[in-house]
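So, here come the structures, one by one.
What follows is a pair of complexes built around chain A, which joins chain B in one and chain C in the other.
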Partner chain A sequence: MAAIIETSGLTRSYGDICALKPLDLCVPEGEWLTVMGHSGSGKSTLLNLLGGLDRPTGGSIQVRGTDLASLSEDGLARFRRDCVGIIFQQHHLIPYLTALENVMMSQYFHSVPDEAEARHALERVGLGHRLKNRPGELSGGEQQRVCIARAIINSPRLLLGDEPTGNLDHKSTTMVMELLRELRDEDRFSIVMVTHNQEVAAWGDRTIHMDDGCLVREERIKAC
Partner chain B sequence: MTALKVIPQLLCWAVLVPVMSRSLTGMATAVTAAAGFVVGVAGENLLLAYVGGELPFRPLRGVCGVIFLLLWGASVWALYRRGSKGSDAEAVSSPGPLAAGLAASATGVLAGALTLCRLAPLDGGAVRLVPYLSLACAGAVLALAATFPARYLPERLAPRGIPLLALVVSALMVMACSVQRLDIFSPLSMEVMKFIHDFVHQFFESMLIPDHPFFRSDVWGYIGLLFSDKVGLWGGLALWYLPVLFIALALRLERLPSVAHIRQGAARRKLLASFIHERRLRLVAPLFALVLLTGAAYQSRFPATEYWDPKPVEVTATPAGQIVIPKKGEMDLEDGKLHKFSYSQGGRQARFFVMLTPAGQLVTTLDACAICQPEGYGQAGNAVICYYCKTLIPLETVGKPGGCNPVPVPCSVKGDAVVIDAMTLLNTWESTVQVTAHGKGMGK
Partner chain C sequence: MLIRILKSSFLKRPKPVLLVLLSIVMGSAVATAFLGISGELSHKMALELRSYGANIVLEPAAGEAGALKSDDLPKIKTIFWKHNIVGFAPYLFGQVDFASAAGRQRAVLAGTWFGRPLQVPGEPDSIQGVKVTAPWWELDGRWPETPDEAVIGAALAKRLKLAPGSDIVATAAGKERRFRIVGVASTGGFEEEQLFAPLAEVQALLNKPGQLSRVLVSALTVPMDDFGRKDPSRMTREEYEKWYCTAYVTSVAKGVEEAMSGSRAKPIWQIASAEGALLKKLESLMLLLTGLALFSAACAVSSSLMAAMAKRSPEIALMKTMGADRLQIAAIFLGETLVISVIGGLFGYLAGDRLAVVISRTVFNSTVTSPLWLFPTAIGAALVVALAGSAAPLKRALAIEPVRVLKG
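What follows is the complex of A and B.
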């Protein structure tokens, strides 16, 4: 299967701190990869590089055949807009917009807003009845589901999650994970997700463990 | 120095050719346009040399009027046909090479002819050889050089069909309106004013509006607005801008191609967004045309030509009620220039001027005509110009009544002085000029 992500010798250092040491990673199209590791081991750094939020200091990184290091700022913005969806632990929803408007905002930055489609996306994540509520009026799990709707609305080929369930209890975590699996099975996008939670990692196809900026161990959970 | 006068024209030309060559057939368009420009300049000179007379201002102004009407027609058509089948405002988007060549060369001829008129001396006479040769060269070189920037003009910004026509026509309007005798904006606003004037007049006449005092004071206030000197300007501006606004509207209202066949939401929205973006880009041409038209109207309102316009000299009457102005006093009344005076008595006031006509006769006229607001006259070469309607009145006809001619006042030459009856002067002023002032809602 074609690789959606291919990195070779990928590094990122902040001054003397080497947050990511030369890393070779290949993620095939459609795979769900989980990244685990101690705090400060460089997981978020890797995710930011994959999402085009940051630039590497060395090595190469290719997502869907595009060399991210060679893209201009505009090119990177276009890449983020068209190819990736990102979910954070802190959901970063706009507090004064409703759930529906938050999703439509993402459509607006991508192309043009389409209310029916945004509504459908929220229905898919089980929030058809909370369209007009603001983030403050939603529970943590619901907010995270709005984020998922927002992340998938532009049909990205790659979904990145930085501890998306970090704030959620067991029940909500299971709900969000089930939802992600369903969506992935329907839309066939790839997922790279950072987590500290062993249970969450079990939902993925493969887990990599990082320590001090290096990939130290890899385990396959399901056959690809 | 004279060369500076044609800079706006040549600038317009330098913008027009790359756009045309990008939208039509490229280099070939630029060459035909360049050839057209040279033909326009040379043809006009040959005409002048063999037929004589002066530059063909009237026919040229006629042509300008016709192409402006053409733009009107095209804009209405575009608005009418919009969205009936895809992008219809651009239905004529790719004319054949012959049509493109014809259009380019016709534009060139007209541009050349209009630009040469700007060089023509105001007091008539032919343009000298050197300026005219250098103008022809400049036009041709600019047109050919324009093919280089044309390559960098993004394809999506190159207007087609009617928007291109709007751009061409408005550029030609800039070229025309900077020449007093080619200007069509001022006559347009003048016509609008006359039309509204007549219409309101006839309307009230036919309605037999009762002369009730209450009714009059209220309603006349509003009717006064219709007679104000701004109504012509605003009406003229409306007629001036509307065709291009129609075209912009037609483009804006154009139905977008259907994207319903694309299943995936994101891809469908992406395509839709690109269509919207393209439609927005197409508005650039009409917007630019609006800027050009504004430039043309501005040139027409505030012509760059400088007029001989002396400050009126206060005069007084003798106890017998006569105004006596010596022929060779502080100024020489017989130097062929216009000399302005003003006279006031007991709150009544009149402005007039004295000048020697080419026929050798000293005439006295009001500094106002019977139709326009009394903004006065200036002298430019062998004509005086009414500042209000920008009509040029040949010196030969000054002193004769009618039209926008300054209203004649009887005078007599006694010895070496011009004598005018003060009462006649004031009465003439009040019986002609104040009539319009009444309409303005200030009188009565």
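What follows is the complex of A and C.
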């Protein structure tokens, strides 16, 4: 299967501190990769580099054949809106917009807002009845589902999750993970998800363990 | 979607929006008020400056000695710039022998109008004469009211030991005329050596009926600029029309000259230049104050937006994460700025218009109507304030790094 992500000797340093030591990683199209590790192990740094939110200080990083290190600021912005959907632990929804408008905003930056499509995306994540609610009127699980709808609205080939269930209770976590699996099975996008939670990691196809900026262990959970 | 974002942004964040709006309204209002009254202020100041004295002198053209005619005087109030003519005073000068109780002396007798009603068909009645053109004369006594009354210059009065109530006899060409002194004039100039009597009496005494030596004209003019200083004889037709239709002292003088046959009109440059320089400084001061008001408003807008931007940095970081490029982010924030500045400009114009009325009434005791061009100017000023004020916050917004802001 073709690789969606390929890194070679990928490093990221902040001054003297090396947050990510040379990393070779290959993620095939459609794979759900989970990244585990302690705080400061470099997993979020890796995720930011994969999402084009940060630039490497060494090595190469290719996502769908595009060398991210060679892109300009606006080129990285284009890459993010065309290829990537990102889900955060803290949800990061715009508080003065409704759930529907939050999803439509992602469409606005990508191309043209389409209310029907945004409504459908929210219905897919089970929030068809919460379209007009603002983030403050939604539970944590519901907010995270809005984030998922926002992340998938532009049909990205890569979904990045930075501890997306970190703030959710067990029931909501299960709901979000089931939803992600369902959407992944339907849309066949790849997922790279950072988590602390062993149970959450078990939803993926493969887990890599990081420590002190290095990939220390890898385990395949199920065949891709 | 942009409209939805802007609408929601305004409705859900009323406090910072109101702060920015208030700054823009204030800047735009002060600019509107200052610019609104600057025209009125210049006009009032120009009127006040007319107390400097006449700024145009009419004399017989070369080769036409003593040829100015009294009959032409009313024509001065019919020229293109007739509304700018504040007043004029005709003079006929002659060397005569004066005799008083203190002795005899040869000096200048000036025939003039003191405050003569002038009626010109189709024009409002006016008073013309020395009272109008030389309001700065200090008069001990009163102005003459009958043909045998006169005003004497302070220096001549001292030499001839004359005071209000004294009589003086003027002799010329074998004719005598007795005048009663009703006022002693102190001017600080050559007028203090002269006797001023009614024009018709002096014309009769000097045997020069209907003749004038000089006419002093006091006119409202605009400050001279490079164009005004150009030689009219070298101007193109369009330039000449523009020059003729601008109230430069030279073009008003030209109009007066055309009205008085055989005359040559010259600006009295020490008066005209001083007035022009003062009016120019006044205009510059008003523009400077307007600029300062706008600058202060822009600073207030900038600091309000900076504070708002700090609060909104997660939002901006999120937009960047979703793939918004710099242009899209700038469009959102400049769109907000544009809407606020148009509203601010509108309210600023209305507030500034009222402020101009209050200032005009309080300071000049007159009413002022803001010209129509002030409306787009107010909107423009609001836009300038908003854009200048949002430059630094926008730069900061575009420099936000999502990784740092959304961490954790």
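Things worth noting here:
Keep in mind that, in the parts below, the second predicted complex is superposed on the first by the 224 of 224 C-alpha atoms of A that agree within 3 Å, B and C clash if a C-alpha of one lies under 4 Å from a C-alpha of the other, contacts with A are read in each partner's own complex, and residues count from 1 in each chain.
One rule holds for everything that comes next: contacts are C-beta pairs under 8 Å (C-beta built on N, C-alpha and C of every residue); 3 or more make two chains touch, one makes a residue touch a chain.
Just so it is clear, the model here is predicted, and its values are computed rather than measured.
Once chain A is used to superpose the two complexes, chain B occupies space that clashes with chain C. In the superposition on chain A, contact of A:Y96 is made with chain C only, not with chain B. Touched residues of chain A, counted separately for chain B and chain C, are more numerous for C. With both structures placed on the common chain, the touch criterion links A:E117 to chain B but leaves chain C unconnected. Of the two partner chains, chain B is the only one that A:S155 touches; chain C does not reach it.
When the two structures are aligned on the shared chain, A:Q107 is found in touch with chain B and with chain C. Steric collision with chain B, judged by C-alpha atoms after aligning on chain A, is confined to one stretch of chain C among 62-70, 98-106 or 116-124, namely 116-124. Across the superposed pair, chain B and chain C both touch chain A at residues 82, 107, 110. Note for the complex: chain A touches chain C at residues 44, 48, 51, 53-54, 73-74, 77-82, 84, 86, 88-90, 92, 94-97, 101, 104-110, 113, 150. Contact residues on chain B toward chain A in their complex (touch as defined above): 264-267, 269-270, 272-273, 276.
Of all the residues in chain C, the ones that touch chain A in their complex are 1-2, 4-5, 8-9, 11-13, 314-315, 318-328, 402-403, 406-408.
Contact residues of chain A toward chain B in the complex are 82, 107, 110-112, 114, 117, 120, 153-155.
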